[in-house]
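Read through the structure below, which is laid out as structure tokens, and then see the notes.
Think of it as A, B and C in the order they're written, each chain with its own count starting at 1.
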Amino acid sequence: MSGVRHLVSIDDLSLPEMRELFAFAAKFQADMRAHSHIGRGLISASLFYEASTRTRLSFESAMLRLGGGTITAADMRTSSASKGESLADTVRVVGGGYADVIVLRHPSEGAARLAAQYSSVPVINAGDGSHEHPTQTLCDLYNLWVERGRIEGLDVVLAGDLRYSRTIHSFAYALARFGANLVCVPAPGYELPDYVVLRLREEFGVEPQRADASRLGDLASSSDAVYLTPQKPHQLSLFTDARGLSIERVDAVYMTRPQTERHPDGARGLENYVQLGKRSLAAESLRDAVVMHPLPRRDEISDDIDSDPRSIYFKQAARGVPIRMAILGYLLGVVKLATDQRPPEPHFYNVPSTTNPCPNPTCIARTEPRHVTAMFKLTSRFPLRAHCAYCSHELKFHFVGCSTTLHYHSPESPDLRKVRSDHFVFLRDADEAARLGYAPAVKPKT
Amino acid sequence: MSGVRHLVSIDDLSLPEMRELFAFAAKFQADMRAHSHIGRGLISASLFYEASTRTRLSFESAMLRLGGGTITAADMRTSSASKGESLADTVRVVGGGYADVIVLRHPSEGAARLAAQYSSVPVINAGDGSHEHPTQTLCDLYNLWVERGRIEGLDVVLAGDLRYSRTIHSFAYALARFGANLVCVPAPGYELPDYVVLRLREEFGVEPQRADASRLGDLASSSDAVYLTPQKPHQLSLFTDARGLSIERVDAVYMTRPQTERHPDGARGLENYVQLGKRSLAAESLRDAVVMHPLPRRDEISDDIDSDPRSIYFKQAARGVPIRMAILGYLLGVVKLATDQRPPEPHFYNVPSTTNPCPNPTCIARTEPRHVTAMFKLTSRFPLRAHCAYCSHELKFHFVGCSTTLHYHSPESPDLRKVRSDHFVFLRDADEAARLGYAPAVKPKT
Amino acid sequence: MSGVRHLVSIDDLSLPEMRELFAFAAKFQADMRAHSHIGRGLISASLFYEASTRTRLSFESAMLRLGGGTITAADMRTSSASKGESLADTVRVVGGGYADVIVLRHPSEGAARLAAQYSSVPVINAGDGSHEHPTQTLCDLYNLWVERGRIEGLDVVLAGDLRYSRTIHSFAYALARFGANLVCVPAPGYELPDYVVLRLREEFGVEPQRADASRLGDLASSSDAVYLTPQKPHQLSLFTDARGLSIERVDAVYMTRPQTERHPDGARGLENYVQLGKRSLAAESLRDAVVMHPLPRRDEISDDIDSDPRSIYFKQAARGVPIRMAILGYLLGVVKLATDQRPPEPHFYNVPSTTNPCPNPTCIARTEPRHVTAMFKLTSRFPLRAHCAYCSHELKFHFVGCSTTLHYHSPESPDLRKVRSDHFVFLRDADEAARLGYAPAVKPKT
């Protein structure tokens, strides 16, 4: 199946690719009726294992605007799946001749990765549990690009439920990758999780700083905000003076609803949830800021700013169609980009053992183990840290074995450097190690 | 959003527009495959908040026959709406770029009016509760036009459940508007409601008369029928002789099923429900009558007349496609009419108060108040009568206040003539008036 | 409605028609994007009274690849049907103008036959209960034709649940009709039912023989298999030698899952169910055999042979699209065949009585009697045997009456020869006969 490009994660696209896709989207948007020859004879299949009408309609509209056709399974759970078919088999059939591209929505994290392993046509992840939704991120970036002409160096406020919003996390990584600055003004108790900050730091060299948010007015519930700057030379220069960091003029405010369905204790503490309205938008620092929201909104954006020219959230949703036209066309091979710069291929390693080490109970590797190859991605060699290749959760283990020597090591052991990544076996504890036939490593003599 | 035409009510089309749409429909029907270039590149969105497969398929077929594409949410209630999104927001997103026209079905009366307020693309009402279903009415009229060559002056029998059938009410208004005569032969206990007769009289000058129905044979359960004549000169001439009115030859029989789902006491008294069959069709007065039914039927039309050439109910349904092609094409701007005669714009007035005066519990203004502006339509100045702009229910009030003087009046008071319509505040009773700060009007000195 | 071709049963196509359809399918398959001009302006309606996403997507993909449009009711049971509409009425409306071809899935046996009686456009049976699914059979045959270049004389192993699999029964009849040989290796307890063997013998002259299956290896759970040979001259010659019959080299293995949903006692005895894997495929006799499966599979095909070049089950499913393009195009009149050889028209006779003689409780004639004409097909004159024209179940009766003489006879009586087929009345017993006014036949004098 090599050669087929998928969009499982936003990381599957390089920055130059994204920039060109933005330009294509803008061209499509300029005349939505003028491109219905591009995809003639091509078919997209919407395989939705949970309902998400908005996302589905947006993709189907994009495919139709390209002149293609769509086949739709809006609720896969009540259909073939009930006869016990695995996702891998479904994808092989649908991708084998029914459709030229598969748009997949699934409640299990990692489902799109699994589908991509088996599909002979491109798979687009339209949301896999609380993991990724790359076209939403792409759409958000496209909106910034349209409104501001660039993404690099922008100051973007992330507001609301920064803790449980998948959209915010993906958007934050992508903004950091593009070199934008993040200003975090969470609702109290809904701060960005540590693992997100850690990944921002490790992968993108982002430095968090306390900043004075008093000029953000009502929007910031306290006078503090966290300012996250990707460590790129052209940005460091912005803060070379000795003054303390203060948020002055921002380019965009990205608001999110409380993700109550994911809150462990229901809707607690939401009485202090930030609300964006006429009053908060009056802050001087927001004078030129566009207001974004992934929708649907509840009360976190008041209706009284709907007609404010800075409120672009309805436009933002509408722009989902041209950007999806661009990505569909690109993966289908009918939109040609000038760049040949691909993102680095992710290196996945199999786990040569019968136990699946992913700790996430809603990972596809655990909800539907048939056809899954336990795989991980190495995120750090010393100490050894690895993430599930499907759902990106960090693997939990106390020891790492070598499948050839049958010795095991502590993740901090320098001896691990001599073990090949594809021989790693993650062992929960000494008991498991013993049960699987692994012995503690003997310190080699030098 | 001005400039965009919607089809919320059949009143949104003028008679000349309808006549031209009939002609276009006939042209489409003559060769259903020949028009697939007209709507190329255009997309319709079916947003169905309750299932209605027949109506949905008819619209989607029409859009496809025009060469356009369709995106479908066959059951919106299980999707985005479950994340708490308002209809106004959904419509702004879908109409913002996903689709070029929205076909909306909703269980709340007035939903289409609300949608039209917020949509930047045409909204077609495909049924809003028990309120309106204008393309059904348009289809019925088109059928008469095809079968009889005109609608003016036709004698049309309305039979069955005239009390609870939305279809019958809308059809009756439209027939009266075109100047056709209505012959009401209800099932016993299922007579046309007073408010429908009242509106027929007030808006279209219709005069009800008792008529001898004995020549209708079995169809009329008693020898009496009610004959409703629009007061137009050319029709009055039909009855200038001194004889009592008797139903002679009729042009069409429009039959309806009992609307048991709306009957307050279930299916009571249906044992005497009229049935149309070989025997009743044998009546001399029905010799040339076409038999119509909005379908689905139950037993009120016997299978034994299915092959009778006068039975056009299956053709009637099939003709829903070409007439919907015409209306879709017209609203999308790709079917051009010669006439520029528009129907009178409905004048709606806001209610400048915080209480919503609509008494209808299933009105969209009450089921989904967010984004609703309480609005009314003035149907009479003296005594003052007003209807909800969404669901058309008559507002119930004992006093009318003026929002500038804060005085209130009886609906019969001549002083009300001095109050501007957009200052009206409808007050249930003196208590509410007092609570809202209104005082009884002092009789002005002259 | 004469003149319109339907695909209710695989018997509705002649062998030359099928062969030409295979050739068209192969042409379509060679370039799936190149045929989107053929069906422009045409519409298919998917009317699915039970969910079957796989089948539906395959048909819709085929229609789109022909350049046509699709309208979809993926779950008819929650829609119009709930307003009490009969299948016959639905089909008359949808086929009257909404669509140019109807693809029908229904839980009742015989539903497609009923629909075809009333539809003015072609009806394609996409599965009627446990009765027929002709395009599945056509697809299976097409796969053999593609892989082997012919169907005549092939040795095809049928393995697994031969008792309850509708697919297997239809496939067996069709293979016999083409003159292929069947090798039955059922899971123990899941043998081909007697009535299937009987029909194979009576209609296609198939001769069952015990055969030595030891060379099939693990696949055959015992050393015995049943070999079914259509009695055609060119095949008899294969076995003219005196040796006992032994299965040597086979051309295809058709595997099925246990149809647990139809098992009277749930999943009993499945522990010995045959499984096809690396080991069983190693048998010498299977060296060139292709492995087929209608999918979805469970464990009866092990994942370890998914990449074996003989495993064509995913290709098999994918080929459902081009063969459905061919049949859709043919029935729509846009794919023209050279042959004018039609299959013999089935002769159906009405039952002139008020009792419906079909013993099958899930036959459409009993689940939805409105618009049904009780009809039968005569399968033997002496003794008299007849099958329901809808569901193909054999009628059960002790006596046969003549509706003109009001006499009744034993099914074995030679006097029955004098009774016209369309006068037959099937009488359960003497009581029923008496109740309906029939008397025993008096032996006529000669």
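Keep in mind that, in the parts below, contacts are C-beta pairs under 8 Å (C-beta built on N, C-alpha and C of every residue); 3 or more make two chains touch, one makes a residue touch a chain.
Everything numeric here is computed off the predicted structure, so don't read it as measured data.
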- Query: Which rotation angle, from 0 to 180°, best lines up the CA atoms of chain A with chain B, given as a multiple of 5?
  - Reply: 120
- Item | Interface residue identity across copies chain B, chain C - same or different by half | different
- Taking each chain's mean CA coordinate, chain B and chain C are separated, in whole Å, by 48
- Multi-chain touching residues of chain B, meaning two or more other chains, are 70, 72, 74
- Task: Note which residues of chain A are touching chain C in the complex, please.
- Result: 40-43, 45, 69-74, 76, 78-80, 82-85, 89-90, 92-94, 96-99, 370-371
- Show which residues of chain B lie in contact with chain C when the two form their complex. 29, 32-36, 51-54, 57-58, 60-61, 64-65, 67, 70, 72, 74, 295-298, 303, 314-315, 317-322
